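Attaching a single structure in C-alpha cells format; questions to follow.
Labels run A, B, C and D following the written order; every chain starts at residue 1.
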Amino acid sequence: MDLGPHAAFIWISYAAVAVVVTGLIGWLLLDGRKQAAALEALEKRGIRRRSSASAE
Amino acid sequence: MNSFWALVRRDLRLAVREGGAIGTALGFFLIVVSLMPLGLGPDLNLLARIAAGILWIALLLAALLSLNRIFEADYEDGTLDVLATGHLPLELVATAKSLAHWLTTGIPLALLAPVLGILLNLDLASYPILVGTTFVGTPAVSFLGAIGAALTVKARRGGLLLALVVLPLYVPTLIFGISAVSAAAGPAGMGAAFLILAAISLAAVVLGPIAAAAALRIQLQ
Amino acid sequence: MQTLTQQLANPTRFMDLSARVLPWVAGIAAALIVYGLYLSFFDSPADYQQGETVRIMYIHVPCAWLSMMVYGLIAVSSFGLLVFRHPLADVSAKAAAPIGAAFTFLALLTGSLWGKPMWGTYWVWDARLTSVLILFFLYLGLIALRAAFEDESAGAKLTAVLALVGVTILPIIKFSVNWWNTLHQPSTDFTATVDPSMRWPLLVMALGFTLLFFAMHLKAMRNEVLRRRVKAMRTQAVAGRDRLATQPAE
Amino acid sequence: MQLIAEDLIVERGGRLVIDGLSFAVSAGEAMVLAGANGAGKTTLLRTLAGYIRPSAGSVRCEGGDVELTVAEQAHVIGHANAVKSSLTVFENAAFWSEFLGSANETGGHIESALRNFGLDDLAEFPAAYLSAGQRRRLGLARLLLAKRPLWLLDEPTVSLDVASTERLVSAVNEHTRAGGLAIVATHLPLALERARTLELVSLRMAA
C-alpha cells in the first residue's frame, strides 16, 4: 500500500489514536477490576452493603 | 539517610494520590502558553521568535502556583512539628521536600514545555536545547521556590505574597534559561549561558534549603 | 424514555442492565471500526487535492465529533443532576469527562498531523483549532474542579455548574475567535461537501467511534458505581471495626 | 535521665509568658501541667521541645544520649495529628516509624502500636475515613512507633472517648514505668502514676 509522500503523518495519526484508545480501555478495565477487588475484600471481611443487608 | 528517602517517598506518594496539584500546574502552563497567541495575534513567525521566552515565563508562573504546596499542608496538619523533632536536620527536610517538588512538578513541566513549543511554532532545532535548559533550570525553580514557600507558610494571603517574594529570585534563571535557547541559534552556541544556568541551579540546591530551614525554624515558634 | 431513565435511577438495576448491554455495544463498535478501517485504507480513493493525507480525516472527524457530543452529554447530565437530582446523572458526567478529554486531545493531535503536510505547520491559530483547544481546557477544568473537593456531592454540583456555564460560553468563544482571526480560510464542513466514496467510510467510522465511546462510558459508569459502593462500605466499616469503640459492648 | 529547666524566661509576641521557671523531671516520672487557658502550657511544651528559644535560661537533658538534642529525644503531640488523609492508616504509621525511629526497630512494632490504640483492624483504610477520635489515636500511636525517652503531650485527650483515654493513660504509665519521662498538659484529671502537678499561673492575672 502506497500512502504517498506523507505516509508517516498518516501512520502516526492512526498509531496515536490506537495508543490513546487502548490506553483508555486498559485503564477502564484495570479500574473496574480494582474496584471489584476492593468490594470483594470488604465483603470477605464481613462488611455488607446496607441495602443488600436489609433486603435479606 | 533512611529518613531522608522516607520523606521523599512519602511526598511522591502523596503527589500521586492527590494528583490534582500536578494536573493544575500542567493545565495552567498549557493555558498561559495558549493565551499568548490570542493576545499577540496568530503570526507564526513572531511566535517562533519569542517562543522560548513565553515557555519559560509560563513555566515559572505554573511552578509558582504549586509552590505553597511544599510546606503548607505539612504545617497545617502538624506534620512540620514532628519533622522538626526527627534526627534529620531541618535543612535536609527542606532538601527532601524540594527534591520531591522538583520530581513531581519541575520534571512534568519540563517535559510539557517542548510539546507546547508546537503551539508556538518553535524552531525544530531548538527542541533539544529547550529540553536541556528546562531540565537544568527547573531545580532552581523548586529549591528557590522552597525559600518563598517557607517564608509565607503562616502568612495571610500566602499565595499572592509568595509570587511577590519568589519571582525576583527567578530572574537569573529566566534570563539565562532564555538566553541559552536563543544563543544556541547563534554562532557562539549555547555554552556559556547554559553553564551559568547549571551553576544557578547548583547554588539553589545548596542555598535554598539552608534559607528555607532558617525560615521554618522561625515559623515553628 | 421517561420510564427508562426512571428505571435507571436505581443503581442496582443500572448495573444489571449495563452488564447485559455492554458486550453488545462493545462488539458492534469493534466490528464497525474494523470495517471502517478496511474501508478507509483499501476501499476509498485518495483526494484529488489532499492526496492520501485525506485518510487522516477518517479518524480525525470522528474524534472531533465525539469531542463535542461528549461535552453535550456532560451538559445534559449536569442538567439532570442540578434540576432532577437523578442519582446516575453525576456518575455519567464524571465518567464522560476523561474520555471526552482524550478524544478532544486526539482531534487536536490528528488535526495537527494533517495540518503539517497540508498547511506546512503543525499548528495555526485559526478559529476552529483555537475553539477546540479551549474546549479541551474546559474538559481539564471539569476534571480538576471535581478533584479539588473532598466532599464529593458538593464537588459534583459545582462541576455541573461549570459544565453548564461552558455550554453557553462555547458558541461565544467560537464566534469571537472567528472575528479575532480572519486570516485563515474557514474550515470546510466535511460531511456535507465530501464525495460519496469518502462519505461512506467516514460515516462507518463515526458510528463505530460513537458506539466505542458509549461502551467506554458504560464501563466507566459501572466503575464509578462500584467505587461509590466501596466508599460507602468503608465509611460504614470504619465505625464498626474500631477495636476501642466496640470494646465496651464485648 | 533527667530533664532540667533552669530559670526559663519565655516571651511570646512581646508578652512575658514564663518568668523564671525552674523544674526537673526524672526518669520514671510524669508531670502534669495545669493552669488556666493562656497560662502558657503550650508555650512551655513548645519551649521544652526546642521550637521556641527561651529569652533566658536553659532546657537540657542529663544522662541521655549526649549526641542528641532534647528535641531528638522527644515525642511531641500537639493540637494537630500530623495525619495524611490520602495515606492509609498503616502508611501513616510506617512513615513515622521510618522517619523518627532508629534503623534497628523490628517490623512488628507498627502493628502492635496500632493495636494498642485499637486501629489494627483499620490498617489498610485511607485515613480520610477516620473520625476525629480515630485520627487522634493514630497521632498518638506515634508515641509507640519510635522509642523516645521524653513524651511531651499537649492536651492529648482532645476528641478521645473514655475507652481511648484509658488506653492513653495506660500507655503513659507503661512508658514511665519503663524509665521514660512524660510531661502532659491537660485539664482532665488523668490517672497517671508517679505524677506530680506543676500549676502554671497566668502572669497577666497574677500581676
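Throughout what follows, contacts are C-beta pairs under 8 Å (C-beta built on N, C-alpha and C of every residue); 3 or more make two chains touch, one makes a residue touch a chain.
Just so it is clear, the model here is predicted, and its values are computed rather than measured.
K.L.:
Would you identify the chain whose C-alpha centroid lies closest to the centroid of all protein C-alpha atoms displayed?
P.N.:
Answer by centroid distance: B.
K.L.:
With respect to inter-chain C-beta contacts, which pair, A-C or B-C, contains the greater number?
P.N.:
Looking at A-C and B-C side by side, A-C shows more C-beta contacts.
K.L.:
Can you give the whole-Å distance between the Cα centres of chain B and chain C?
P.N.:
33
K.L.:
Counting in whole Å, what is the centre-to-centre distance of chain A and chain C, each centre being its mean C-alpha position?
P.N.:
Spacing between the chain centres: roughly 15 Å.
K.L.:
Between chain B and chain D, what's the gap in Å when you average each chain's C-alpha atoms?
P.N.:
About 37 Å separates the centre of chain B from that of chain D.
K.L.:
Give the residues of chain C touching no fewer than two other chains, as numbers and ranges.
P.N.:
234, 237, 241 - these are the residues of chain C that touch more than one other chain.
K.L.:
By residue number and range, which residues of chain D touch two or more other chains?
P.N.:
Chain D, residues with two or more chain partners: not present.
K.L.:
Let me make sure I understand the interfaces: which chain pairs count as touching?
P.N.:
So, checking each combination of chains, I get A-C, B-C, B-D, C-D as the touching pairs.
K.L.:
If we count contacts the way the header does, which residues on chain B are in touch with chain C in the complex?
P.N.:
19-20, 23-24, 27, 30-31, 34, 37-38, 41-42, 44, 118-119, 121
K.L.:
Provide the residue numbers of chain B that touch chain D in the complex, in ascending order.
P.N.:
Those residues of chain B that touch chain D are 2-3, 6-7, 10, 13-14, 17-18, 76-79, 81-88, 220-221.
K.L.:
Any idea which chain C residues touch chain A in the complex?
P.N.:
It comes out as residues 12, 41-42, 46, 51-53, 55-56, 59-60, 63, 98-99, 102, 105-106, 109-110, 113-114, 116-117, 212, 216, 219-220, 222-223, 226-227, 229-230, 232-234, 236-237, 240-241.
K.L.:
Any idea which chain C residues touch chain D in the complex?
P.N.:
It is residues 150, 234-235, 237-239, 241-245, 247-248 of chain C that touch chain D.
K.L.:
Where on chain D is chain C touching in the complex?
P.N.:
By the definition above, chain D touches chain C via 85, 115, 117-122, 125-126, 128-131, 134, 137, 161, 163-164, 167.
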